[in-house]
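In what comes next, chain A is part of two complexes: it sits with chain B in the first one and with chain C in the second one.
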Partner chain A sequence: MFLEKEIFKEFEDIVGVGNIDDGVVITNVYAYNWCMEIFNYMDGKEPIPFSPIPKAVILPSSTEEVQKIVKLCNKYRIQIKIQSTGLGPWNQPSTDNCIIFDMRRMNKIIKIDEKNLYAVIEPYVSGAQLQVETMKYDLTIHMPGAGPMVSPLASATSMNGPGFTSPCTGHSARNVLAVEWVLPDGEVMKLGSYGLKNNSDWFHGDGPGPSLRGIMRGWAGTKSGLGVFTKVAVKLFPYPCSTDFNVKGNSPNYDFDIPDFMKLYVMDCGNFKKLEDVMLGVEEEEISFMCSYLSGFAVMAIFSNSIESLMDKIPIGQMKAPLVVIITARTKREFAYKQKVMDFLLNNFKIENIIGKIYTPKPIFYAEALRSNLGLHGFIATGGFQSSKGVADTAAVCLRSTKSNIPLKQEFIKKEAIANDFGEGTWMTSYESGHYFHMESPTMFDQTEESSVKGMAEYMEKSNQLDLLKHLGAPFFVEGTRMHELFGPYMSNYHIWLRKIKETFDPNNISDSGFYISPQNK
Partner chain B sequence: MSETKIYLELVKIYGSKNISNDPNVLEKYSEDLSFFPKKEPKYVIWPRNRNQIQKTIKLANSLNFSIIPVSSSSGPRHHGDTIPRNNKTIILNLSKLKKIINIDRKNRVVMIEPGVSFGELIPQLYKRGLKILTPLHPRASKSVLTAALEREPITIPRYMWDSSDPLLCTEVFFGNGELFRTGAAAGPGSIKQQKKSGQAQVNPMGPTQFSPFRIIQGAQGSIGVVTWATLKLEILPSIQKVYHFQSKNIEELLDFQYELLKYRLCDELFILNNLNLACLIREDPSEILTLTNSLAKWNLIFVISGRDKLASDKIAYLEGDILDIIKEKKLKISNNKTETNEIDILNFLNQADINPWRLRLNGGYQDIFFISNYEKISELITLVEKQITKNLGIYIQPINQGTSYHCEFNIYYNPNNKEETLDVKEKFLRISIDLMNSGAFFNRPYGLWAKDVYERHEDSTQKALKKVKKIFDPNNVLNPGVLCFDD
Partner chain C sequence: MNEQEYNQMIKRCLRCSICKWIPQLQIKSQKYATICPSIDMYNFHAYSAGGRIIIALALEMGRLKPSKDLMDIVYKCTECGACAVTCKFLNTLEPLEIIVKLREKLVSLGYGPMPEQKQYIESIKNNNNPYNEPHEKRMGWLPSDIKNDPDAKTLYFVGCTSSYRRKEIAIASARVMNAANYPFKILKQKEYCCGSPILRTGDKKPFIDQVNKNIDVIEKEGIETVVFSCAGCYNTFKVDYPLERDCNFKVLHTTELFNELIENSKLELDNQVLHTVTYHDPCHLGRNSEPYEEWDGEALQMMPFISINIPEKPKRSGANGIYDSPRNLLNKIPGLNFIEMERIKEYSYCCGAGGGVKSAFPEFALKTAKTRIEEAEDTGAEIITSACPFCSTNLKDGIIEKGSSLSFYDISELILMALSSQPKSVKELSKGVT
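What follows is the complex of A and B.
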């Protein structure tokens, strides 16, 4: 479905020639995304990696242009789907009556406010870009687990938000300050202190009165189901160690000068009960830069850049309940204290650090940890992975969820639908020094093999059902009308309220609700 | 619908003992310490369980009356947010719901009902080696849950990971009487089933793609009535070391506190002027004034702490790093060891306040508070000090891990002196407006401020808030007239 010539011209008048395209090539390319095949199959469609083809792709360069485009879409009842850095199926339209906004022209770091510890960014600023700039002030950002190449704005406003450094940088949703948001009806809303008519600034995101961040997103974002986010202020954090960052060599085998005050611990806790105790113990001490439970296979993966390099790490893979902790410090004193705490805990829990004894990672691992670049290792075994689960509450429920998932996963491993991680493949991290935890189950599959895609989708469905029936928390991907209607009745009927928000703020159903919730009878 | 009908229906829910229309009782709810116009409610009711609350809200929807929830058992109310705006208002007094439902040491969380006060909760937590994140020396009779719902600033900014902290999950009745649980508490499953699977309602986000706790918070009871909430706890330190730095120059202290917070080097951290510090330490007015005169104008208080076997090691590392900052920045300030002592300060940091500190000097006060960025603090202080030259308390609290600052001005006066009261009223309103016009962000717009605050804010915010109100309280039965919600 193309745009009618006159309508195309109206859009073109807003963004300028060359910044909108409804040709076959461009629109087809934009219909592709990673993991689209799974979600297609879960929705009862053919398991292909393509979404419905958008009517056009448009590249706005400012909030004013976004606003005008949204208003025009309301006029012609064309839906909108927003892509910042565009990773994953959540960026894809659910109908062919849709225009994709590619936000790549809105790529500015508006400001880094050193004294008030935040940065204001546009959608196409990547985590890597922002981190480099904040390092000049001895500051860093919360980087989502997806990695440094994705948009922190998308993570903060619209997506999920766990990260490898969550023990000390929290969760994307909780790091949001003021926001600039084009609502589905085209009205520009400025949350918090940015909404002041005079002297507006970005330092606070709530009020006056109730915080509209509450409808903006939850544990997950609305995935462009409720308008367009054009700027956001996100909190900054102290850089964990020296900001000297010396990388040498060639991709992917870079070398790196490990900062003075940075130490990795990988410990086998033996069983989940002890793992919980150790994790809580470490986090109560407020010393960790990273504190993650990863399955043995996943620990092998974070130290590897290829399938071949996985193979020499079998002793790591044999660990029953590995805990990965990184401590960092700015001063020698701080570092000595944190090491002393770790020594005390290791002694107390009678566990050993294998690093330097059984295994010594290449220095690039430390650079990737500082860069939050560990998620990419999920792709090395089969070229494709996706996470199931996604509960966030206590360490106990995360581990229970992990445990209950193993037999289910093994069932699909036996069928050769998914890669063999012994059913244990899990990433679990602490947040805010152990105040809450989340787990997900990264699962590797072959995107090019239909039986693998179907198996992966079936596994995810069963995993969702398991969470529902065993009260293991809501998974990440309770999104889209079907899933909301499945989970809502077991969760305070929240779907009814969510739908009211959608209907109230998007009366013409302009924001694509494929990964949010549709209005009644639509 | 007649009042008699309302009364009879309420009696069916509560029995006659838990309803009052005694003029002496109604009088207490008709005014507070603010200048908000007086008005009496029709009844005050004291629910004992959540079924009664739900029935009351549903009744309000069908018989068209208004409900104002209050939670603190006694003590002064402040900001005009619980004074009726119309002639059909009932006060829903939740102070008898005072169960500490669960203290969970492992997950550092407490679940409480709205009537639980700081005076009751703090000692119970201490017994378990835990502490709640409190506002500055909270009144002992103050509802813990209300303080969190009102986004009152806490004194340990490094633990304020989000401006909503320490509030986590809630159970709430929305304005149409529907029960809801926010955050991870929504489910799947009942709270009992969640506990069985190891959950403790510590994740406030959600359920799924919205976070309704954020719109209940800061709503002054106009979106929902909360029947319990979970709140974040921290582990009680075994050593606390207090620092008190004084200066004539607030900029110097602001600069220092910035470094302390940026690198997360201390727990409690705030700046007080001499009068407010004296009010917190002394009770007698003459002693307050004596101490005020012996203190420097500006006082930075911070606490470093450690616990268990490595407590001293932690203190040593923090002290060393802090000393390095002082040297590096060539600060000429030093830790005060004369006018105040550590115990005085720890007393007001660790305990609830039986004799409200803001009332100690003159028996009355008006407070003006807002959020500011770092750069504007000094300018806004000057603006207020130009207009109030005496009996002015000032409290600057970094919040949300140093991304903004709660600025509070306490105008102390004798409420029995009519002339002084009129003068304070005039100044209170004028200064508030001046501050709003100068970039102060009144993010908790109570009583007399509300209209002026929203006028100075983008219209889209007000529009969106009204839509939200309509969703969750379609018949406008909960505290109508507050914020930007029309009566």
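What follows is the complex of A and C.
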């Protein structure tokens, strides 16, 4: 038992018996997360995959319960850490004075407004769940590259947000509309049109009055550093092609009826300059469903479902600057137009589509692309994987960041700390038809070997800092007080403002700041 | 899974929660997107496959010690194996095998099986069945007009549940074989529990005793083929027995046999069964019935941290379960309108009874059955059928508890109804047996 009996009872009275647990087994389970060993090592701790053990884990079922729990936490000065689906070290408490909220029981799709193109959801609705329900209206959603099993609410309110379909579905920070937010003092804040006194609704994210969207999540999200998000409206988009989704056969060798108007292009642009030109060219035409630069190794991986099945794709791996583009359409005419544009661009840039010539992926690839399932292929080689950087800028800046990272990565490959992707492991996508771009540097390592964990941690730190030294902006993996204080002075002292926000909104420092910023003197 | 594999794998959970959902590409609705009865019931992450892998790791690291609480979590799992199917879509972990091994470890440390499971294991030791029924009454299900042939090389292994609790399944199966003039033998007093209920609890030793007892008899009787109407027995003989001892006989589930008999024109389904029917895939007949394939290759280190298996190591992915046979049968029954639930085949939702849950945690078993019954109701079917007496028991309990208008029939009963050669009274008999 980690909570005093009477205090435990007060929490239990809010959520009901069976919905709070402070036993040693359950709290230990919640102390574990993927890549925690890296963050422990970065913090000078033992590189094990466990964070501090939470005092308890609680399962609220409504906004009212969340409010009451947060108020009780203020009373007893216990910190809170929130998990939607809970993937990744960002979900872990940074102290042992913390209660984890597992939002599993808040799993309702409140509303799908197919006319105004938004859906209102609770935290534990998964991307796949929301997507299939919106598909019934010929619509779809944006999902982060993490995959369809994570929470669109978490991504929209609290964490990063690029995805493989970003060219046409944008970025989570820009897809979030109205929000219901339980502040760190337990009061409810309604953002956007949901906060209107009369005729409140969820269609808009800013106002009433000054917009608080920037404070709520800013660029990369507060990662549970500023209260609890209980409902959110997210944008919906037209489904890119026919919604017939017919997966046949048995796992893992599924077959799929590729929709009529869907075509994949994989092209070797040869060098980064040309890659930039081609990417901008494609995106300027506003025709792509997916437009990503991936290293040769990563292109092999998105077409494979096991390490062994990577091996017949070596020619793909040898590509210098591969660009993966998918076009989709709802009508024959639209499809013909988009293909014509692609033909024109390929001709102009003198590049070739290898699909159907050098390589033909299995149909299931198309299903995974439509369901945003490609990111998980990052795990097939070593089982250990993490990313660094996370730049959002022009294509040129993203590629400069990519280039500058290669020698650094090669240094760590040579030390046999990380797996060999020739230093090139990068994912870069356009957002909103080339409006801006994203890059990050996924890297494979072995989480079961201490030397690899340590090497990976050192590499990640250096990789992130490289953006600072080379004036390439703030990567989204700048998390926690130490990193903000390192980057802030070079970037208009943003960390001072971030800290002021934290102090104003969270006077008792209730929301765990491990991946946000700590208040002054606390 | 050997100790080394176990110790490696428990360090590799991504905590991605894929194990809580049906394969992502198969999700068709929000309502039926989940796959794990345990996390669906108990909500805390510890009750998922990922959570149990963390428990295994924490135990090995000495962060946790075996305890009643820990045991409770590890045993509140039906071992349905759905987590393994969805995890292995891209990963190489073996969540189900880790859970089984974790139970074995707990048993060896004196924690487990659960008290109710210990009771039925005692009953198996004493009575050869887990129901505390006298062994002498094992043949109580057998009507006098059913022919069995003491010289047949095919054995019908009835199993404890059909012998004592779901007699209608044994009767229907035997009658269908009789109708096809397919000779079979019954072991009568020499048939013993297959050991499945013991194995699933992690208590390996008494399981091996059952393996030896049954194989000894089968070998002595010169049996070439063993037919099962129980998915649990079938699975245990097909997948688990060969891991303990060589088995020189063929195993068949009745759904496979009946298909063969129809294909070979030995059995003619000529009576209309005018019902809308949905089919529940038993975990033991579906994803878990895939046998282990021998792999005698080697892991070749390509570069640091990246090694590949040459030749590729077969993945027990659930793809090769028995899915088509029961569906073919249903599609062949004249007049029968067969419709599928959303969660089927390798990603079928468990009935809730397996892994010792029905005896140790009956409320959990019942809640899971009700969930499955609701899914069946949502198809518009009037009948839910399956091919396992254990699923049958739990789903019937679920129907009653939920007040559902669905009826449950085992697939062998539906086949019997489709045979015009069977007098009506026989059908009634098969229906009415309790």
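Following the convention adopted for this analysis, the second predicted complex is superposed on the first by the 519 of 522 C-alpha atoms of A that agree within 3 Å, B and C clash if a C-alpha of one lies under 4 Å from a C-alpha of the other, contacts with A are read in each partner's own complex, and residues count from 1 in each chain.
By definition in this document, a residue touches a chain if its C-beta (ideal position, glycine included) is under 8 Å from a C-beta of that chain, and two chains touch if they have at least 3 such contacts.
In this text the structure is predicted, and so the values were computed from the model without any measurement.
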Simultaneous placement of chain C and chain B on chain A, clash or fit: fit
Mind working out whether A:Arg105 is in touch with chain B, chain C, both or neither, as first, second, both or neither? second
Which chain, chain B or chain C, is in touch with more residues of chain A? B
Identify the partner contact of A:Thr63: answer first if only chain B is touched, second if only chain C is, both if each is, neither if none is. neither
For A:Phe379, select first, second, both or neither according to whether it touches chain B, chain C, the two together, or no partner. second
Taking CA centres, what is the chain B/chain A/chain C angle in steps of 10 degrees? 140
Contacts for A:Ser292 in the overlay, against chain B (first) and chain C (second): which applies, first, second, both or neither? neither
Distance in angstrom between the closest Cα atoms of chain C and chain B, superposition on A: 23
Using the touch definition up top, name the residues of chain A that touch chain B in the complex. 113, 115-118, 138-139, 170-171, 173-175, 177, 183, 187-193, 195-199, 201, 203-223, 225, 235, 237-238, 280, 284, 330-331, 333-334, 336-337, 340-341, 344, 392-394, 396-397, 399-400, 432, 434-436, 438, 467-468, 470-474, 478-479, 484, 487, 490-494, 497-498, 500-501, 504-505, 516-517
Name, in rising order, each residue of chain A that touches chain C in their complex. 18-19, 21, 23-26, 28-30, 32-34, 48-50, 57, 59, 85-88, 102, 104-105, 109, 125-126, 128-130, 132-133, 147-149, 247, 249-254, 256, 305-311, 364, 367-368, 371, 373, 376-377, 379-384, 416, 418-420, 444-449, 452
List of chain C residues in touch with chain A within their complex: 8, 11-18, 20-21, 23-30, 33, 42-46, 51, 54-55, 57-58, 61, 63-64, 67, 69-70, 73, 85-86, 88-92, 303-309, 312-313, 315, 317-321, 323, 345-347
Chain A partner contacts - residues on chain B that touch it in the complex: 106-108, 151, 161-164, 178-181, 184, 186-189, 193-194, 196-203, 205-220, 223, 232, 235, 258, 262-264, 309-310, 313-314, 316-317, 320-321, 324, 371-376, 400-404, 437-439, 441-445, 453-454, 456-458, 460-461, 463-465, 467-468, 470-472, 483-484
